[in-house]
């Protein structure tokens, strides 16, 4: 082996040694791993901005502990191996007290496993995997968003009251799509045994041309379609539904179809009459809390808050209140303080359930509609489904975790 | 030819480097220990590719398949079949070698770009299967929390395990490169027609090389499980394959240790660039572009050439 | 030792070799001559299995080897050099020859013994015989053209052949190098008792060393015989000189 | 139509028609890729990024002209030229100096461009979705046998053959096209007869990239324009090019046809594994015809 090679490698190693002497930080440090590149940003930017809004408020008025909250972001670019490495970097090098993120379920689950090992609280802000607080849940992980099981059950709850019998299931062929579809269907069959499934179609994630699938579905003549798409698939499918006229022929449901993230980019081109569920709508409920939140968000960022803003904001509040209640920057004390905590939010009081660390959010069910006051569609005929109606019971979680 | 020679006067540096690496966890923080382990994993994957790319001249475009199969083979053996991790560690590389044998047997009749294209198509099929076989592979969520034996469960433990396995693999690969098989392989790289004419069964040698490379890539996949306790379908996606190719190229694909250096550069760059900018792929792309334009033989290749030029290498000559 | 019967090969409708016949006896030096594009190199490629014939037979040591892959034909004791330098350009001169020697000893699947310990003497001997001993450590791609041509032959010798096939061994060489090359071929034949089949443009060289000569024109072998017979053959004169000047003996 | 529906059920007919429109976009992008691959020998991974940039530029242009019919047509016309201009700068600035490098180097070089362009798009347009409004005349479906086909898809199916004919005209009837075909076979020879090969290459590269931009512009009204839209597309385009035979434009058409149809019909046969069919088709083709269906220029 050549001398210079070895010397070179030695220099690299010494370099590592030199930079590794870092210092502990005074403020509360939150490390955020999320996807800030690609389609997912339609959701993740709002999480970050909502979180920032909460944190800035705390920092401006010296939060309960008298410490500032500092945060570091890492763009994992939807790659779980990189996301995991980044989480490790944040904990091992930056010594963050709290981890939060990410929209990618694979990353969320991997980081959750790491958080458990490192005994560092991890707030999952957008991944909808029901494994996070379900079978793979543990003391150190919290889910601030609804999960697929919850979303599916909530939708089934509302759909069971509709007259549709012959269903078709279609969706993005990945864990999220299947989980949503299974969530709706299993619950729907339980609530309304007469329903029948005519068939299923799955397409690859990122599919842009849905017309072939839609024509196949139309040929089967179902009463209703459960469309389990996520991310960019939401808008893509709605566009195709509009172009083929599907939206007028067969009603369909998409989780988050009524949500601003899906409707705003399409402007007035979005199809009307699409059923959807969402945890947050900036115009509903029409309460002072929500109005104040929307006003503040618009003042700061000059746009309407989407669903992610609520998740980010609530996480910021929980971090601040948790540490304030714990009385010191101690991860174990923080968890003891934050689990079971009830906080105020734009959608009312929210409880971070102690038994599985799942935030109990209300779910809104509605159908898309054009209105004169906005340059995009909004939800109408909104039904609020309270969390106790669709969340799995604590006993259920216990058996899942064994 | 730019290979490295251990017989020179500098051979004493190798044990010293190894001892340095052995004591690093005692002085480094856990993060740097982890980062080094990650570099070993990526580096081993890149070096296994370079066995066929740099030494064999085979355009293996989708090498990550074997890395991923190794990881999944181990992870599934441990989590789904419930065997001991040590058995999983064996199953991973063997499965990778087997997939490599099947894919190699199909692709090896083609050469250069056509080989690469067919291989990338086949590899994409393997990826698609892993990606959608929810009930078994966990689909796009991947597999998480693969439990490790206590001995190698900690950051330091996994570091030492990774270090030792990587070192063993490097020695084995070095021996192979220096063996008659390695000579024949380099002959095939330089001139397949002539190799055939001197009695070397080119396709068979290439196939064996592919299987060996697949095996070592599988070992790298297993080490990823050891370090990160997870397996993801992204490990089999074609973009990762190109990243591994880049590691070979950055470090120097005609040198033995170049890919390891390339991996160190890529991992370090990604880790540190991403701490101050979300545009780290931009930086990655620019560096890659500059290296291709100005250092076509990679960093280590360039350094070697410079030293040769300076005439400092009289003692490091080769047999 | 080698017999070729009516071998044929066409490339996209062009008959490169169209029924060539050839016989080589043990110990002979046989030359193949013919104008440019007569199909000499193609013929050699067909014999050594680099390309597969469309028809005809190749018989080597009483065994049919038609269409066998090149590496198997090589194992049977037939080695060749190439017209255009065809070496392992990133490897050293020593390694170039060693690959051929390792291959002949069937050691190329040996994974863990260092090459540098294997078959050193035999390789060195071959390098010595072609006069490249002192260049053993040079990277072959950086050699002069003359040395590369010598290396061409050395690689072919690495296979320890009974029949050595040389495709224009002196192409591109200076007059001095050509003389060295002629000496080398003669020595190989005399000292090692090699049977040699070669093709060449240099008529002087051909008539100086060949025992027998085969003439190819437009893919066909038109005559095979002693130098003296070939020299004054009418057909050969037609092919080389054009019909107007026939009646003059070649060279 | 009635004749067709008598021999096959309407939903299959529908799938075929839709598969054809999917094919058109793939063909336009892949034909540019194969042109560059055939003449310049560059496996251009950044081709997908150019397609993405074409779509983003189409968005910006359409917005500039206030959307609607004008916006759409201006976008479809101007976006490819913008991409062509960008590619000219890249070709003259960088690729022109590196043609002699190994394919592997060129492949990775274009990959480095894909990385750079991807982040630059993010710098310029941000990370959110963008959409281009479909002009009013293209809105809505027309029913074929009671099943709807969007008008825009039919428009695409019509455009496809025109692009193929245009390319055929370019490569066979124009001087530059003829030179480029000769250069694909023997670069030195063309250089030797005194033609400036370098500029021929530049023109071919720019045309290839123009097609990528055109694909992006044409697809922009029916998808949401987003970062990452290049990733799946470039893989599919490469498979099409390989299937058809490297450098063969008609091969790209054939490959795109196979790809589009196997994907559409695969959904009918086995919905869950619909996407496996085109990949399996590519592997099958290559198993039996390793150098592609039609003659490769390599």
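We call the chains A, B, C and D, going by the order they appear; numbering starts again at 1 in every chain.
Simple rule for what comes next: a contact is a pair of C-beta atoms (placed from the backbone, for glycine too) under 8 Å apart; a residue touches a chain by one contact, two chains touch by 3 or more.
The structure presented is a predicted model; accordingly, all values stated were derived computationally and were not measured.
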Show me the overlap between the contact partners of chain B and those of chain C.
none
Without chain B present, chains still joined through touching come out as A, D | C
Per CA centroids, the chain at the heart of the structure shown is B
Chain centres computed over CA atoms; the one at greatest distance from chain C is chain A
Quick one: report the Å distance separating chain A from chain B, using the average Cα coordinate of each chain.
36
Mean-CA-position distance for chain C and chain A (Å):
73
Please compute the C-alpha centroid of chain C, do the same for chain D, then give the distance between them in whole Å.
49
So which stretches of chain A touch two or more other chains?
36-37, 173
Two-or-more-chain contact residues of chain D, please, as numbers and ranges.
118-119, 122, 231, 272, 275
Contacting chain pairs - touch in the sense defined above:
A-B, A-D, B-C, B-D
Which residues, counting only chain B, touch chain A once they are in their complex?
4-6, 8, 10-11, 13-14, 16-17, 20-21, 24, 27-32, 34-36, 38, 131-132, 134, 138-142, 144-145, 155, 224, 228-230, 232-235, 255-257, 261, 264, 268, 270-271, 274-275, 278, 280-281, 300, 303-304, 307, 313, 316
Once bound in the complex, which stretches of chain A touch chain B?
1-10, 12-13, 16-17, 20, 22, 36-37, 72-75, 77, 79-82, 84-86, 88-89, 92-93, 105-106, 109-110, 112-114, 116, 129, 131, 136, 173-175, 178, 205
Per the touch rule, the chain B residues reaching chain D in their complex are 53, 59, 106, 109-110, 112-114, 117-118, 120-122, 124-125, 128, 132, 238-239, 242, 245-246, 249, 279, 281-282, 284-286, 288-289, 292-293, 296
Which residues, counting only chain D, touch chain A once they are in their complex?
9-11, 14-15, 18-19, 21-22, 118-119, 122, 126-131, 133-134, 139-141, 147-150, 152-153, 219, 222-224, 226-229, 231-232, 263-264, 267-268, 271-272, 274-275
Partner chain B, residues of chain C touching it in the complex:
48-50, 69-72, 74-75, 79-80, 82, 86-92, 94-96, 98-100, 102-104, 107-116, 118, 137, 139, 155-156, 158-159
